[in-house]
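In what follows, subunit A forms one complex with subunit B and a second complex with subunit C.
What follows is the complex of A and B.
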C-alpha cells in the first residue's frame, strides 16, 4: 500500500484554504478580518511551495508576507479613522465593473494554468536553496540588482513625500 | 514492504513520531516555563537581596506550580466590547510559532525533530509570525493601552528583526550552511564561533533581547506607562499562554545563541558511548541554553527600561550600521581568503573593540547636543519673558 494519496489530500486542503481565504478577504465586511484572512491565504500558499519542494521560497513567503506585509496592513488599518467618512469608501460596491475587468484576466490565467501537463518534479535532497541562490545571484544578477535599486528609489521617494517641510 | 524503526509500518511511525514530537515540545515548553519563572524569581531575589519564594515546597520549588494551577482555575473573563474571535485567537497565534521552533533545534547528535537545510531561516520566519499575534491582541482588546502596546511591539519587533537577521547571516556566511546541525558540526572542541565572530554575537544578543520583549526592551508591556500593554485585557490562562510563549521564545533564542556561537551540544565525553553520549550532549546543550536564560534574567534585574525613541535610534542608528559593516567586512574577507578563517576573526575582534570604544564617545556627543539645545531654549524663554 502506498501513501501517495497524502500529498493529494494536503493539496486539496491547501487549495480550499487559499480559495476560501481569498474569497473571505473579498467578501468580508470587516477590514481586520480581511487582513487576517490574507495572512492565512499567504500561509496556505507557503504550504503549496513546501509541497513543490521549494521550502526556501515558502520560508520567505511567510517571513515577508505574513510577518511583515500583513503587519504593515494592520498598522495602516489601525491608524486609519473609519468612523468619520462614508462606509462606501472602504468597501466598494461596483461589482459589475469589477467583473467586466476581472473576467478576461481570469480566462487568461485559467488557460495558462491548464497548459501545464506534467509537473516538474521537486529536486532531490539539498532543497531549492542552491538553485535559488544561483539563479538570483548569478544567472539573473542584473535584473535582481535593477529591481533592488528600483525598490530603494521607491523607498526614498516615499520618505521624501511624507516628510514634513518644517523639519 | 519497507519497515520503519521498531518494526513499525512507516505510515504509523510517521504519525507516532509527529505526536511524540508535539507532546515532547509541549512538555519542554511548559516545564521550561515553570522552571524559568522559578529561576527568574530566585535570581531577581538574590540580586535584589531578598529571599524569593520559600514557603511552598522545598526552597519554594512548588510555588510556580501553585501559580499555574491558580491561573488554570481562574474564570475566563472577556470584556463585552472585545473583538471575539481575534481576542481568542491572539494567544494561539503567539504560542504556536514558538512551539514549532523546537522542531529544528539540535539537542544532541541525532536528537533533532527535523534537520531542515534551511533551519535558521525557518527559525527567523517563525519568530516574525509572533508580531502578528501581538498586534491582533492589541487590536482585539479594544483598549487604548492594549492598542498602543501592540503597535509599539510591532514597530519594535520589525525594526530589531533587521540587525538580528544580519548578524545571523554573518555566521551563515562563515559556516556556509543554514542547517543548524551543520553549524554545530563546524565548531568542534574549543573552536567555537564566539572566538570567530564576537561582534555578530553581541549584536545578535542585543537584538534578541528586543525580539523577546525582555528588559530593557519590554516597552510593549511597560507597566509604568501602559498598564500591561497588549496584555491588559487578558486574564487567566490566556494571559498565561502569552507568558509561556515569552519564556519559550527566550529558550529558543538562548538555544540559537548556544548553537551558533557556543558549539551546541559539543562538550567533553559526548562520544564515549552510543547512548550515553547523546544524553550528555543534551545535558551540555541544556546547560549552555540555560546559562543564557540566566543572563537574560540578570540583565532584567540590572538595567532600566528604554524610552521608545531611544529604542528606535539604538536600532536604526547604531545596530543596523554596525551589523551592515560587519557583514560587508566578513563577506569581503571571505571572498579574499576563502579557506582561511583567521582574517575574519581578527577583523571581527577589531570591529568589536572599535564599536565598543565608540559608545562612550557617541554618548558624550549626544549629551552635549542635548545640553546645548536646552541652554538655547532656556535663553529664548528668558528673553521672551522679560518685561518690556
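What follows is the complex of A and C.
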C-alpha cells in the first residue's frame, strides 16, 4: 500500500499555513500577533524543507529563524510601544501607486511559477547533511569565512548603533 | 516523492509577493523588517526546491540557503538597531514620519 497521499495532504496543510500566516503578518493590526504569525510561517517553511528532503536546512531554519530572529523581532516589538490604530492609518500613503507598480511584476512571476513544468519530481535521496557539509567546507570555504566576518561586523555595528553615548 | 517542483516554486512566489506587499504597504518599521524576512524565506524555499530536484548533482542551492541565513540574521540585527536608535531620537516607528534624511 502506498502512502504517497500523505505527502500531498502535508503539502496542502503547509501551504495553507504559509499563505495564511504571511497574510496575517501583513494585515494584522496587533504587531505582537504579526511577529508570532511570522514565527508560525517560518515553522511551516521548515516543514516544507523536510518535505523536500533537506532535513539539515529544516533544523537550521528552526534554530535560526524560529529561535533567534523571532526573539530579536519580539525584542524590537517590546522596545517600541505599539498602539492599536484605526485602519486608515494602517497603510502608507503610497499604497495604491505601489500596488499599481508591483501588480504587473507579480503577475509575470506568478505566470512563470504556476506554468513551471519540470517533468522530474522533487527527489528525496537520503539525508542532505554530508553533501551540504562537503560543499560548505570544501568548495565554499572562503565565502563561509567571509560570512563569519560579516556577522562580526553586523554585531559590532548593532552594538554601536544602540549604544548610549551620554556620559 | 510525488509533488512536482513547480508546486514549491508557486508557494515560494506567493510568499515572496505577500512580503513585497507588506514592505510597500505597512507603516510600522518593525513589520517591514518582518516582511523582508518573509521574502528571504521565500527565496530559501525556491533555492532548496531547485537544489533537491531529481538529477541535480550536489547541494549548491542549500549552501546558498546557509549563506542567506547569515545575511538574514545580520540584516535583522542591524535593522532593529537602526529602528531603535531612530526611535530614541523621535518617538515614532512610522516610516512615513521619519524624515531626518529628507532633502
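FYI, the second predicted complex is superposed on the first by the 122 of 167 C-alpha atoms of A that agree within 3 Å, B and C clash if a C-alpha of one lies under 4 Å from a C-alpha of the other, contacts with A are read in each partner's own complex, and residues count from 1 in each chain.
In this section, a residue touches a chain if its C-beta (ideal position, glycine included) is under 8 Å from a C-beta of that chain, and two chains touch if they have at least 3 such contacts.
Worth saying up front: this structure is predicted, and the values here are computed from it rather than measured.
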Q) On subunit A, which partner touches more residues: subunit B or subunit C? A) C
Q: Have a look at where A:62 lands relative to subunit B and subunit C in the superposition and call it first, second, both or neither.
A: first
Q.
One more residue to check, A:138. First (subunit B), second (subunit C), both or neither?
A. neither
Q: Examine A:73 and indicate which partner it touches, taking first as subunit B and second as subunit C; both and neither are also allowed.
A: second
Q. Touching A:4, do we find subunit B (first), subunit C (second), both, or neither?
A. second
(Q) Touch test for A:32: subunit B only (first), subunit C only (second), both, or neither? (A) first
**Q.** subunit C-contacting residues of subunit A that also contact subunit B
**A.** 56, 60, 68, 75
Q | subunit B - residues contacting subunit A, complex | A | 10-11, 83, 86, 89, 116-118, 121-122, 124-126, 128-129, 131-132, 135-136, 139, 147, 151, 154, 158, 161, 178
Q | Contact set on subunit A toward subunit C in their complex | A | 4, 7-8, 11, 15, 18-19, 22-23, 25-26, 31, 34-35, 38, 41-42, 45, 48-49, 51-54, 56-57, 60-61, 64-65, 68-69, 72-73, 75-77, 79-80, 82, 89-95, 98-99, 102, 106, 109-110, 112-118, 120-124, 128, 131-132, 134-136, 139-140, 143, 147-148, 150-151, 153-155, 157-159, 161-162
(Q) Quick check: in the complex, which residue numbers of subunit A touch subunit B? (A) 3, 32, 36, 39, 55-56, 59-60, 62-63, 66-68, 70-71, 74-75, 78, 126-127, 129
Q: Note which residues of subunit C are touching subunit A in the complex, please.
A: 1-22, 24-28, 30-31, 33-35, 37-38, 41, 44-45, 48-49, 51-55, 58-60, 62-63, 65-67, 69-78, 80-85, 87, 93, 95-96
